[in-house]
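Pasting in a structure now, in structure tokens, and then I'll have a few things to ask.
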Amino acid sequence: MIKVNYSNKPNTFSGIWIPFGVGLGFLFVVLGIFNLVLDNYILHIITVIGIYIIAATSLNLTNGYTGLFSLGHTGFMLIGAYTSVLLTYKVSLRAAYNLPSLPTLLGGANYQWPFLPALLTGGVIAAIVAMIVGYPVLRLRGHYLAVASLGFMIIVTTMAKGMKSFTRGASGIQVIPHYSNLWNVYIWVAITIFVLWRILQSAPGRAMLAIRESEVSAQSQGINLMKYKLYAFVSGAFFAGIAGGLYAHFTRSIRPYEFSFSMTFFIVIMPIIGGSRNLFGPALGASLLIAMRYLLKPAEEALGVYGLVELIYAALLVSVMLWRPGGILGKESRAK
Amino acid sequence: MYGASYIYQQIFNGIVLGSIYALLALGMALVYGILGLINFAHGALITIGAFCFYFLLFKFNLPFVLAIILTISLGGFVGFLSEAIGYRKLRGGPGLSLLITSLGIYIFIENAIKLLISPQPYAFFNPPFLNRIINSFITFRVIDIFIIITTIVIMICFGLFVKRSKIGIAMRGIAESVETAGLVGINVNQVITWSFVVASAIAALTGFMWGAKYGQISYNMGFMPGVIAFVAVVIGGIGSIPGAVLGGFLIGLIQIFTVGFLPLGWSVYRDAIVFTLLIIVLLIKPMGILGRRESM
Amino acid sequence: MLLKIEKIEICYGIIPAVRNLSLEVEEGQIVALVGANGAGKSTTLKALAGVLHPRVGKIFYKDKDITQLSAYRRVPLGIALVPEGRQLFSTLSVKENLRLGAYHSNDKEFKERLKEIYSIFPIIKERENQIAGTLSGGEQQMLSFGRAIISKPKLLLLDEPSLGLAPLIIKEVYKTINTIKMTGITIVLVEQNVKMAMHIANYMYVLEAGELTIQGEPLKLMKDENIKKAYLG
Amino acid sequence: MPVLLKIEGLSKAFGGLWAVQDYSLELPEGKVIGLIGPNGAGKTTTFNLITGMLKPNSGSIKFNDVEIIGHRPDQIASSGIARTFQLLHLYGSLTVEMNLNISYHVHLKYRFIDALFGLPEFIKEEKRMNDLVDLMLELFELKKYRNIQASTLPYGLQRKLDIARCLVAQPKLLLLDEPCCGMNNVEVEKLSSLIKDIQSKFSLTMVIVEHRVPFIMGLAEYIQVLDHGILISEGPPDKIINDPKVIEAYLGVENNAT
């Protein structure tokens, strides 16, 4: 018989805040030490990992916990990235960068939104879009949902390419203010994991798990399927929007096709490889895959074998599916 | 506004593109019908077919017909391999694991090509006879006619195969019930392998068509046509092979019309329009145009 | 002995459906398995057909151990099943259904056998090109028989052939079963309709909650008061 | 006793075949009735109609005097109808405790903000849930399996868990669909006494579908017999067992139609 560790009951006030406080303290002490000890290149990688942790963890809310396989997550990241960028972009720079149609939203020539409200707005807009798209699309089952959400991603990227007066089309936006750093990225990592943890420890999270396990049963126990599917999809989209905004303000340049299929593939396989039924599985997958990418990149360039990283990712994915379907942190749970 | 000749030209172009989609959708529908799998790896066969033909004809200077035959065979073989390695063990497990695995196989093949051949696109030269331009009421090249005729021939052969041959009937039987098929004595594994081989062989051939038609091939050329082929299956009606073909032609026409008749800026949206159409169809008629109602 | 089951136990996942069951079938006989809903009759039959495999125990066919042999390999050995609820390929035509029944023979052999089947079931011939799903219940049952017999079985497994059919048609079906028996095919019959089964069977096994309770020749059992009880409980 | 569930003229057809035809039932609060009949008689279909999983072609179902036809299954469940399934639909890869927790869903009214910060409302309701779940684990002797994956439990315990989680939902009406499917006689007897126990403890109103006649005779005060979707007989157990129509449906006595 398989034992699953779920009995820890954090459902008291101190049961929530003590573990979170300890975890948060530990995280930032470690980051502080890293910041002192490690060089900038490695800190850069750690920051990128943080951004992907937010993306992968939030995607896992639908793909892992609710059993809705979405391939549209980067669409929401794109929305978050563009929204926050357009808000933080200096009005005076807009004309210079050929973005004339942009509303000057609040303030004069040198005004620009502060980072936090811009970032939050990006997340909220992504969530609103998820609400609108989710209502029709989430009625579809497994495979259809995968293709429809992939279609959503493609629609979003082509729109970003097509609406030139807002987005500068395929050439993308450069000289984005550099706001994201190790600290605010990891604050958002902590927030994402905390909120997801709370969702999973309360009624909505249990409803999502129920939907994954058996829609028939969930329904007959009073769980409104659409409501909780939307709940998962929209919360996931919000954090995707945040991840997108952090990403844009970290790399300082974005182009529509950055957010298309290959990024989707990375983010989708992170939870699967790390373990999609564990709160920290996606984070582990993200760390592993991104670290691997930075490790192998020099080799790839030196040898001139482009595609090596993706090739290894794909082989890893197929191997995990065949031999360890629960992922690295997953317990073998193929009981029938 | 538009002359008759322009309109016919667009329709013709739409049919050529639609032929390619229809052939892809054919194989996709076959595999989906049997395994319930959206085979993302189907798109990779297009790339494999295109590069295989390119090397055989231009690097090894094989005769055209032989190059085509070898391309098709290689496609079939890759289909066989992917089923044997990737999917067989996962059958009967959670439905999504097949889908995720097919994503993995797609990315694997795509990057294997990128790594082994080139990350840069190749110019695809046609054998000269295919490039001859014919100017009449509408303008076209011999390759266009080649695509249309090949498509028709394949469809007829495929139709006869599925309708008449023992294995074809077994494929339809398995699509209805794997369990019953096993009961009456059908070797289910063998038939499933065959359907992958047939679908992949056809997809490899479309790779050649794509290259010959558009003059450029690259490691990631197969993704979009592969996904669009599945959209064609859904729009036409899951479980219906004629539906898949119809869906393929419909999407081909719509994409060409998007570019041909809408204002210039709209051509960017041609893929987006396909998916918008998909979502609309799924909402209004979830079973597709010719689809049967799936039982509970 | 054509068929011998030795102490099998079969589970659906972890649901035990049949326990410690042993039975024997002699060549040329009709052996009936009867019992209430969920007693394990159909499960036993599925194990004989190879859809399910017992976790414990063995099945011998012509003295050969076939316990773990998969279903499609049993058909060429001469074991065919007429499944519960007929399970035709409802989107295929009548002829195509028969073609799949004769999957192990080539086109020429198929044509010959098709003639034989049509002579046994003339009604099927009339419907040759009709889609199986559009046949009436009785016709579907006949086609289901035809699809099984066309593989030239020595052992025919019938799973609730009267289920969901009108009384008059049930009589037809049982006449057909008798005809099939005359051709020398051994039959294992699973039936809820005990009276019908009693009329036709040479030997009966009564199952209850996955275990064998009573067995014997129908004439003897008919007098047994326990049978009636076994039915209502 | 007030009538809890009132069904009138309920009919459902699948592709032209009547699965349930003109079915009626008046179920007073606190009563247990049994629904029996051969395979395919329409018992499970009736349950699916009551719980909103299927839409009837005609008829009316009133629960607590409210017409529930057209309501979604989750709305019907929230109004106080719980059911088990013949083929178990447990949340297989979740723990036993989680299976029970999920069933309490309809009673949790806190907002997400309460859950997020662990506010009193959240803690109070979750505690209530945990207490009830503990009670059920005790009652159904599942305590030591609390942290075990539901799908790895032995079959008899899975059946028990299915009933236990229905009770966590604190339903006004409980529908049991073949609760002893796949059990041997000893297990059936145990289950029977357990259900009797619970019934008297919580004075539950129940409809039980079952084909094991002794089991149902011991539990139900009133029995309905379905055959081919039609109600062929109803009444107290001793009347049913001697009804020739019932014996015919079960034993399949030859019809004298010719």
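Labels A, B, C and D are assigned to the chains in the order they are written; within every chain, residues are numbered from 1.
Criterion: contacts are C-beta pairs under 8 Å (C-beta built on N, C-alpha and C of every residue); 3 or more make two chains touch, one makes a residue touch a chain.
Just so it is clear, the model here is predicted, and its values are computed rather than measured.
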(Q) Measuring between Cα centroids, what's the chain most distant from chain A? (A) C
Q) How big is the gap, in whole Å, between where the Cα atoms of chain B centre and where those of chain D centre? A) 49
Q. Chain A to chain B: how many Å between their CA centres?
A. 32
**Q.** Where chain A and chain C are represented by their mean Cα positions, the distance between them in whole Å
**A.** 55
Q: Between chain A and chain D, tell me the centre distance in angstrom, where each centre is the average of that chain's C-alpha atoms.
A: 42
Q) On chain D, where are the residues touching two or more other chains? A) 153
Q | Set of chain A residues in contact with two or more other chains | A | 336
Q) Residue numbers in chain C touching 2 or more other chains? A) none
Q: Once you've mapped the touching chain pairs, tell me: line, ring, star, complete or other?
A: ring
Q) According to the definition of touch, which chains form touching pairs? A) A-B, A-D, B-C, C-D
Q | chain D to chain C touching residues, read off their complex | A | 38-40, 153-155, 158, 178, 181-185, 188, 211-214, 241, 247, 250-255, 257-258
Q | Contact set on chain A toward chain D in their complex | A | 1-7, 9, 11-13, 15-17, 195, 198-199, 201-204, 206-207, 209-210, 213-214, 216-225, 277, 333, 335-336
Q. Considering the complex alone, what residue numbers of chain C touch chain B?
A. 49-51, 70-72, 74-76, 80-81, 83, 87, 89-92, 96, 99-101, 103-104, 107, 147-148, 151
**Q.** Residue numbers on chain B that touch chain A, as the complex places them
**A.** 36-38, 86, 89-90, 93-97, 99-101, 103-108, 110-115, 119, 219, 223, 227, 230-231, 234, 265, 268-269, 271-272, 274-276, 278-279, 282-283, 286
Q | Of all residues in chain C, those that touch chain D in their complex | A | 12, 14-17, 19, 36-38, 160, 162-164, 167-168, 171, 192-196, 209-211, 228, 231-233
